[in-house]
Every structure is written in structure tokens, then in C-alpha cells.
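Two complexes come next, and they have one chain in common, subunit A, joined by subunit B in the first and subunit C in the second.
For the complex of A and B:
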């Protein structure tokens, strides 16, 4: 076998068409990895700058405050989901979901859903990252390298001479195709390996990603092999394979996405934001009990401290109606979260009909940029906000005397990854 | 003694059409046997059954006494095949083509050995490092013949080997084939060139509509009579034949 592979490697090196497609694969891989690393570095720098500015800003905001309500009102708290050391390969949902929020002690759901994604266009068209290259472009390159292995030899009336000389088809076509698939895999993966080294990605993760790329190429090789066995001209084979690629890489994911989205309606983030703001704004004009009763229902431990005078302003009433704002939109926010998870789960099942979707999803999972990771970040923000409330409420509701020293005990946000 | 090539009542039906119908012949070691016939007579199909590309619908073909169907790879290893208008790789030089195809056949040859073979087929020295896409048809054919020489197989199958060659190149080719046969190689060639077949072959078989309808053998030291074969080929009555 080694002799066959060595022969076909020499042969490949002289095939200008094949060399062009292989070099293109390498260049695209370098570009995808470089863009990915640049993007991840920019996000890390943004987070580093925000961490620094957030601490200074909070320190300024807390300085000179004289009550718990003002301190809680003016202080912002940075939350963020740092990109993983493999995110450079698959930006995934980081382009369509927020990975940083500066939250206050106010109603939270509106703060989560008011944030725009950094570049909404990416959310629509996707980004040219390594996952896209491996999932969608690499199969096209593989088709271009393999589609006419047999057909072009038939067209050139060389097929019988080749097979008669080789003795068996196996010792000819298998090594010829294997060399091309191996070359494509190596040229795609080498930039990924360099990128992983630069980013300090765990070897096991890089190995898994490499396995996914190789597995995807093997599946496409099988598809090309089956189609190219048809005794047809190279142009008919190419047209058929491109059609198949369009169906598998574009049509199947698009149709399944449309079906899944129709089956799992997700409320608009804007709806959540609007409802919460209306609830909070309305609270100003409602009797105080309309706010305090549902608040106490959720926090019976503050029942003895829920008396609010009808005249004037009290911070605990203000924060209670912020919390009630969250309580009112809770069903909508839960529906939003659950529907996204359901969509993701069903998309995972549908992905088995499209190797392209399967590869993209696998990469996003490895990179921690899939829908579940982004939802986990939102959950982490909610947890952190609960910690803030848990810090302030026992001081604010029993009306403990303000002590600036205690603010040093404010919970700090720690990202999950 | 086992014949290197033998067809026993060979029949072939493709897509409902009878391509070969009970064809039988043997080719002895060192013999040149030419199968002559018009377009669609079944000549190339006969060669392809010996190479295992077509399975007989009836009868069998044997290479060195073994049925091709039972050992295709063994049969192919014994045969150097020169297809009509042999298309070697245009983007490779003669050296690179020969190196590739020899390796494919599981053989290797030094540059000197390759040069000897190319000298034998009279391929100009300056052409050997040029890509074949710049070659004339005759030069490409010579390179393909050099491949057959280098493979040193006991059997040579030639499909319209002189098609498109100029008269000088045809004569050179015939001399080469005769030399190979004298060296012990068995040659089965198919052609519609009556003159060429009579020039080079020890025996000529006439195929018509898939049937072997006549066979002509050369007298010792003589060539086969072209006129007789031409008359038979043209379908004129009362021609004399030997037993196939």
C-alpha cells in the first residue's frame, strides 16, 4: 500500500488542478484560523478593558453613597462569558447572543434582553470561521478533487489501460483518492493545529476536532465514491454532486430550521423588555400593596418589613417593584429559554440528516459557543443577580444602617469558563 | 502445451445485442494473431474479455490456461495492453508516464532501462523530457509501446495499434512487434487494417457480426496473401480459409 500511496502522491504533485484546490484549502484554513484568533483576542481585550473599567466605575459610583438603595442603584456589575481556548475555531452563537452585560440591581430580564449583539449581520449570514470551512467548504473542495477520478479517465479513454496495468481497480482508485483526501485533511488541519498551539487549546480537544474533520471528509468521500461509480460524464457527476451538496449543506438545514422554529415559537426578546418596563413604570402609579404583596409572596422573610408609607419614596419599594417586574415576565422569559433549548435539541436530531450541520454543531459544542453554552451564560447572569439581591435585601429591607465597609463584601462575578 | 491465449466458444451479449457468438481460437507462444473485422465486429470486446473488463455470456477465455474469470489480476499481470489511441498523461513527460505506469504495474525500471525501451521505439531523445501533450499521435503511441516493452509481460494485446500512424511509423511498429514475437511474446492484435494484419501476423482471424468466419495462416517464410484476406473481409464469395 505504501508504494501505491507514494506513487499517487508523486502523481498528485504534478496535477495542477488538484494542487490548486489543495492550496486553496490551505489558504482558506489559514484565513479562517487567523480571523478566529483575531476575533477571540479582540473579545478577550474587550473583556479585560471592561473588567478594569468596571471596577473603577463601581468604586466611583459607590464612593460617597449614604444608603443601600443609592449604592445598589448607581453601581454596575460586569458579567461576561470569556471565549474558550477553542472558540477561535467556531464562533458559533457568540455572534448572535450577547456574551457580556453590565447589570444593575434593577429588573434583570430587561437588562438581558435589551443588549444588542455586537454585529447582527453575522447572526444572519454566519462567520467565515474554521467550523464553517470544515463543515461547508471542505466538502465542496473534496468533491472537486474526487468527482472525476474515474470519469475523466473514461473520457480520456485511459481507464482500461490504467486498470489493466494496475491489475485491480482497488490498487488504483483507493490510493489515488486516499492521497487526495489525506492531503486535503492535512492542509485543512495544519493551520488549526498551529492555531490550537497558539491559543493553548487542550490536546484532547484538538484531537476531537481533527477527528470530526476527518470523519466529515470520510462521509463526503463515501458520498462522492457512490455517485462517481455511475457511468456518466464528469460534468454530469459534478452537477449531481454539487446538487447533493446544496441539498445536504443548505436545503436540509434551512428546511429543518424553518420547521423547528415554527414548531417552537420563541417570544421576542423585545416583548420581554417591553412588558417588564411597562410593569415597572406602572408600579409608580399603583397602590404600594400592588407591588409589595407579590414581592412578599416571593420573599416572605421580609413580610415584617414590607410596610411602605403611601406618600414619598422608599428604596425597598423601588427594588420590590423591580423584582415584581422580573416576576411578571418570568413566564415569558422561561418560555424564551425553554423554547430555545427545545429548538436546539430538535436541531441536534435534525443535524443527523446533514453532515454539515453535524460538524458545525460538534465544533460549537467543543468551543463552548453553542446555544446551550450561551443560555448557560444567561443563567449565570441570573444567578449572579440573585446573589446581588441576596446581598442587598437583608440590609435594605430591615433598614440596616448604611456601612460602606460592608460593600467590600459585594458578590463578584465569576464566569463559568 | 497450454496456449497463452485461448477463447473457447466465447459469447457475449450486451444490452440485448449479441456482440460475440461462439468465438474460439488459440494463440500460441511467440505467435502474432490478428483479429480482423469491421466496425462493431466484436474485436475490441474480445480483447476486453481477456482483460476481465467484460464477462462472457457463454464459453470462456483463458490466459496461460487459467480462466480469466477465476483470476483476473493474474491474467492482467501477464498482459501488456495497448489500447487504441493510447492516452497516457498529457501533463507528464515520457519518463514520468513510464515511471508512473510501471509502478502501477508493480515494476520498476532505471532511467537507462527506460532509455533503452524508448530507443527501441525510436522516440527522439529531446522529446523524452517534454510533456506528452506536445507529442504527435505517433510519438504517444511509441511511448505506450515502450511501456509494453518495459513491462516484459509474456502477452501483448494490441487494439488498432497503427491507427493514425504514418506509413514509416507503421513499418517500424510492425518490425518491433515481430521482434517481440521472435523473443517469445504472444501477440493478439485487433485491427481493421487488412494490409497491416497480413504484413505482421502469423495468422489472421476474420470476425464478422461477432462470429469468427475465417482464418488465414502464413506459409512458412511467407506473408499472408493480402488479396485473399481482403476478398474475405469485403465479403466476396469463394475465398479459401484455413481452419480457425
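For the complex of A and C:
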């Protein structure tokens, strides 16, 4: 076997077409990995600057405040999801869901859906990251490397002679294809390994990612192998293989996506917002109890402090109706979250029909850039907002005297990583 | 001429006999038809939905009871962007940006709830629109059909016979080109249908025709590239492989590479980042809710002098309304300067992206297609600007009512009990100040202007491709 392999390696080195495709794979992988690392670094820098500026802005805002209500009104808090050490390979949903917010103690539903805008053209086309290369482009390169192994020998009229002299066809085609698949896999993965070392990615993660790439190449190899057994001209084989690639990489995902989204409608985002705004705005005109009763239901511990005087404006009441605004849209917001999760879950099942989707999703999962991770970040923001309320409420409702010192104990946001 | 036609007819006869070609063409045709029908239905539904929502938002605003005018400033309003008629072909950036925006005092919100955020994630390019099919799939079909057009004559030995009969390579190439052109013309039919439908929805015929012309140019470029490869290369498989490579590069790699590159070259800070810089500046402007803020002392002196009175209580207008209006104007100027800066940076990123059209006709056609359809970034920016004008308009009109229709003393005492609060309200007729908002696509001429660079790049591509075909066909030897 070894003899066959070294022979085929020599042949491969002389096949200019094959060498070109392999070099292309290598160059593209280098490009994808370096752009990925550059982007991840930029995101980290952005986060570092934001943390600094956010702290400065907050201390500026808190300076000279005279009551808990204004302090909570003017102080914003940065929340963010830093890119993981493998995010360079798959930016995934970080491009369509926002990974940074600045929230304050007002109704959260009015804040959490804010999108920190990126150039819309970018979201439309998508990035050239390693996951895209491995999932969509690599199979195409593999097809170009393998489709005419047999057919080109047939065109050269050497096929039958070769098969006859080789003894078993296994010692002929298998090493030839194996050398090419291995070379492609290595050239694709080497830049990824270098990137992982630079980024300090855990070895087990890199290993899993490499396994995914190799697994997908093996599947595509099998497909090419089955198709190229057909006794047809190389160009017909290539045409059929490209057709298959189109079906698997583009059509199946697009159809599954359309079906899943039709089957799991998400509530109209505008409605969540509208309902929340209406509730908060209506509260100004309603009797104070209409706000305080549902509030106390959620926070019975403040039942004794929920009397709002007829005269003057009280922050307690203001924050209570902010909270009630959130409470009212809770079912809709939960529905929105659940629908996203359900879509993602079904997409995970549907991905089994397309190795391309499967690879992309697997990479996003490893990189923590899948829909689930982005929702987990939003959950983290909700938790943090809850901590903020838990900090202010016990001071605000029993009307503890304002003490600027205590503000240093404000909860700090820590990202999950 | 008749030789050219005869060659073209012969080509067609061979295609119709090839199962692969017929199957591929049928699949593409079915896909085009299915996607067009689905997209037309989806977009039509969205359009009527958004317009209804816009009207409903206005009705609710008008229907609000008597209130303190500043309450209505915070109550806010919504602006919706219905998809333009040609979005049935090219939905463009709409799915990414979100199509509605909440307008309120003191803030510029972003468009929220983009479709892509809640989309089922199946990787790379998981949504099919007619435009995407034309940009990606039809070139592939042309490649499958045409990669061996010329080669075939060489392989079967008929090339020698024809040349010996005195036919020139150019004439032969012309015949092949005519055959491909006929294919392109047939596959333009669904697009022409969709374009005609959009005209019936009120799209200008100029924009629709230009869109059709743009795609025709694009497909002709691919036809040229395919023909050139089939003349220049000597083996079927090599020709097909090379063309697939060109397609892979032009359709998949360069566009994404261009995105990476233009975001790396031009750094457009996110909204949070530029907001933070702005907030520091904004704090200097003072808080419009607090009329006693020192930042307003100068304004106060000026207004008192203007009306020739000593104290703000003596003013014939409501001082708090004056302050609200003044600080909203100041703040809006600041917000707009930052928003403009952000939009300019984004526009220059997209401009840089467009220049990559010289490396890939797919980029050029997709930019032209979005621009002509009115679903490009520039249209989104105009939507943001117009909704900002709407926001500023109603907020300032309410602030004016605040200054003129509401008594200052009543206003100050608004929190002192039920009755005082009722006294600090103005009649709901005042809510009629809200302007009706119907977002319209740019005029066809404006869109044409904007699409010109991309269309120019396409024409350059076509000239280059036909030039190569011409030169290659002149040199055809055995």
C-alpha cells in the first residue's frame, strides 16, 4: 500500500491541474483564517474600548445624582458577548444578532432588541470564514480533484489497460484518490491549526473541528466515488457532480429553511415593542394601583412600600410601570425566544440532509456563534438586568436615604465564557 | 448571415438531444418559476401588511386622549418601510435591516427585528430569491451548455472541414454566440414577467427595463466567458474545470472576500461605540426635562429679553416648552451629525465593495440589481433619514404646542394630584400635527444614476469578454 501511495504522490505532483486546486485550497484557507483572526481581534478591541468608555460615562452620569431613581435613569451598563477563541473560524450568528448592548433599569424589552447596526450589505453577502470554506467551497474543490480519476484515463484510452495490469482496482483508484483527499484535508487544516495556536484554542476543540472537516470530505468523496463509477465522459460526470453540489449545498438548505420558518412563525417584533410601549405609556394616565398591584404581585416583599402619594412624581411608581411593561409582554417575548429556539432545533435536524449545513452548524457550535449561544447571551443580559433591579429595588422602595458610596456596589456585568 | 443562423440552429439541435442539458435547463426553469411565485407572494403580503401597520400606527396616535404634550413625545410613533414593487425580484437588504423603526423624543432608534436574526440557521447562503438564482445559477447553466461548444467541432474533426470550406473562425464563433444568446433570451422570460408584474404594481417602466437590461448584460458576459474558454482551451474537461473555477471565484469567493476586505479597510464604528462618544458631548447640552439646568441660563436670558419680562412666569408662553424645543433641536443636530458620519462610513464601505465588481461581474450585477430595485443600502439610509425627519417634525410640533397651548403654572403643578394633572393636558386635536408617512422608493432616474457605476463595470466586462472571444476566434487554427 505504501508503495502505491508514494507512486500516486509522485503522479499528483506532476498533475498541474490537481496541484492548482490544492494550492488554491491552501491559499483560501490562509485568507479565511487570517481575516477571521483580524475580525476577532477587532471585536475584542472594540469590547475593551467600550468597557473603558462605558465605565467613564457611567461614573460621569452618577456624579452628583441625588436620588436612587435618577441614578438608575441616567446610568447605562454595557453588556457584551466576547468572541470565543475559536470564533475566528466561524463568525456565524454574530453577524446577524447583536453581541453588545447598553442597558439601564427601564423596561428591558425596549432595549434588548436594539441592533447595533452593521453595514447591511455585509449581512446580506456574508463573510468568507473558515466554516464557509470548509462547508461549501472545499467539497467543490474535492469534486474538481476527483471527478476525472477514472474518466480521464478512459479519455486517454488507458483505463482498461490500467485496470487489467493493476490486478485489483483497489490498489489503483483507492491510493490515487486517498492521496488527493489527504492532501486537500491537510492543506485546508494547516492554516486552521496555525490559527488555533495563535488564538490559543483548546486542542480538543481544534481536534473536533479537524474531525468535522475530514468527515465532510469523506462524505463528499463517497458521493464523487459513487457518481464517477458511471461510464460517462468527464464533462458529464462533472456536470452531474456540480448539480449534486448545488442541490446539497444550496437547494436543500434553502428549502428546509423556508419550510421551517413557515412552520414556526415568530411573533411580529413590532408587536412586542408596541405592546410594551402602550403599557408603559398608558400607566401615566391610569390610577396608581393599576400599576402597583401587578407589581406587588411579582414583588410581594415591597407590598408595604407600594403606596404612591397623590401628589408629586415618585420614581418608585415610574420603575414599577417599567417593570409592569416587561411583565405584560413576557408571554410574547417568551414566544419569540421559544420560536427562535424551535427553528434552530429543527434546523439542526434538517441539517442532516445537507453536509454543508451540518458542517457550518457544527463549526458555529464549537465557536459559540450559533443561534443558541446568541440567545444564551440575551438570557445573560436579562439576568443582569434582573440583578440591577435587585440592587435598586431594596434601596428605592423602602426609601432608603441616597448614599453615593453604595453605588460602588452596583452589579458588574460578567460575560459567560 | 444564414451561415451564422445555421450554426446556431445546429447547436440547439445538439443541446435538445443531450439529456444532461435538457435536464439542467428544466431544473433551472422550474426553480426560477417556483422561487418567483413564492417571492412575489411573500413580498406582496409584506407590502400590504406594512402599509396597514403604518396607517394603524397613525390612527392610534390620532386617537390618543387629551394629555400633557410631552407625554405624546415619549408615546412616540412608528415608521414602516413597505418593500418597493421590484422587491418581488430582489428583496435586497430588507431582510437584514428590519423594516420598522420606533420614533420618540430625544432618541434615534435603530430599525429592529431583522428577519435574519430569527432565521433558521442552515449555513452560508440559505435563502433563495429570483435575483440570487439569476446571479449564481444561470451562469452555471450557461457553463454546462456552452463549455464545449467550440471544442466539440475540434474534437469531432468538423472544425477542419469548416475552415477548409472557407468559413472563418469569427463566423463560427458568431453562430455559437447566437445560439447562447437565444438561450439567454429564453431565460430572461421569467425576469421580464416579474418586471412586468412590478410595473403593474406601480413600478416605473424605466427602472424595470434597466433591471432586465442589467441582467441581460450580466448573462451575456457569462456567455462571452464561456465561449472564450471553449475556443481557447483544447479539452472539454479542462474547459469545464476552468469555467467552474471562474464561477467559484466570481460568485462565491470574491464577494465574500470583498466584504472582509472592505470591513477591514474602512472601520465603521457600531452605534453603541459612537453613541458613547456622543453621550459625553450630549451631557454638555443639558437635559431637556430639567428647565433649571445651567445650560439653559443663556437661553433664558435671551427669551426674557425678547418678551421684555423679568421672570419666566410672566412669559406669555410656556418656558418648559421652549426649553424642550430648544434642547430637542440641539440634540437632534448632534444625533444627526453622528448618524450621518456612520452612514457615510457605511456608504464608503459599500462603495469600496462595489469596486470589487472589476474582479467579479456578480458583484457588479448584485449592486446594480439592489439599486435599481430600490432595496440597496442607500435606500435604507434614506429611510432612516426620512423617518428621522418625521420624528423631529412631530416632536417639535408637540413641543410648540407645549409652549403655546399649555399654561406654565399648570404645567409646573402637573404632579400635584389628580386635578392638577388634568389641568396640565391639552386637547387631543393637537395630535393632528403628526405628518402622514408613506415611504416611497427613489425615482427611477435617481436609481439609474446610482446604478450607473455598476452598470458601467458590467459594460466594461462585456467589452472585455467579447474582445477576447473576437481575438480568439480570429486566431482559430487546427
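One rule holds in what follows: the second predicted complex is superposed on the first by the 404 of 417 C-alpha atoms of A that agree within 3 Å, B and C clash if a C-alpha of one lies under 4 Å from a C-alpha of the other, contacts with A are read in each partner's own complex, and residues count from 1 in each chain.
Heads up, the rule we're going with is that a residue touches a chain if its C-beta (ideal position, glycine included) is under 8 Å from a C-beta of that chain, and two chains touch if they have at least 3 such contacts.
Keep in mind it's a predicted model, so treat the numbers as computed, not measured.
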- Record, for the superposition on subunit A, whether partners subunit B and subunit C clash or fit. fit
- Look at A:261 in the shared chain and tell me whether it touches subunit B only, subunit C only, both, or neither; answer first, second, both or neither. second
- Following superposition on chain A: angle at subunit A, subunit B versus subunit C, Cα, nearest 10°: 90
- Message: Contact-wise, after the overlay, does A:3 reach subunit B, subunit C, both or neither (first, second, both, neither)?
- Response: first
- Task: Check whether A:359 is in contact with subunit B, with subunit C, with both or with neither, and answer first, second, both or neither.
- Result: second
- Look at A:15 in the shared chain and tell me whether it touches subunit B only, subunit C only, both, or neither; answer first, second, both or neither. first
- Task: Using the superposition on chain A described above, determine whether A:57 touches subunit B (first), subunit C (second), both, or neither.
- Result: second
- Counting residues of subunit A in contact, which comes out ahead: subunit B or subunit C? C
- Task: Could you look at A:158 and tell me whether it touches subunit B, subunit C, both or neither (first, second, both, neither)?
- Result: first
- Query: Which holds for A:172: it touches subunit B only (first), subunit C only (second), both, or neither?
  - Reply: first
- Item | subunit B versus subunit C as contact partner of A:234, first or second or both or neither | second
- Query: Smallest separation in Å between any Cα of subunit B and any Cα of subunit C in the superposed model?
  - Reply: 13
- Message: Considering only the contact definition stated at the top, list the common interface residues of subunit A for subunit B and subunit C.
- Response: none
- Item | Contact set on subunit C toward subunit A in their complex | 20, 24, 27, 31, 38, 53, 65, 67, 71, 74-76, 78, 92-93, 95-98, 100, 102, 109-114, 116-128, 136-137, 140, 144, 147-148, 236-238, 240-241, 244-245, 248, 252-253, 255-260, 263-264, 267-273, 275-277, 279-280, 283, 342, 346, 349-350, 353, 366, 376-377, 380, 415-418
- Which residues, counting only subunit B, touch subunit A once they are in their complex? 48, 51, 53, 72-73, 76-77, 79, 81-89, 91-92, 96, 100-101, 103-106, 144, 147, 151
- Message: Quick check on the complex: what are the subunit A residues that touch subunit B?
- Response: 3, 7, 10-11, 14-16, 156-158, 160-168, 171-172
- Task: Under the touch definition given earlier, write down the residues of subunit A that touch subunit C in their complex.
- Result: 17, 24, 28, 31, 35, 38-39, 42, 46, 49-50, 53-54, 56-57, 60-61, 78, 92-93, 96-97, 100-102, 113-128, 131-132, 135-137, 140, 144, 148, 151-152, 155, 233-236, 238-240, 242-243, 246, 249-251, 253-254, 256-258, 260-261, 264, 266, 268-270, 273-274, 277, 281, 284-285, 310-313, 336, 339-340, 343-344, 346-347, 350-351, 354, 356-357, 359-361, 364, 370-371
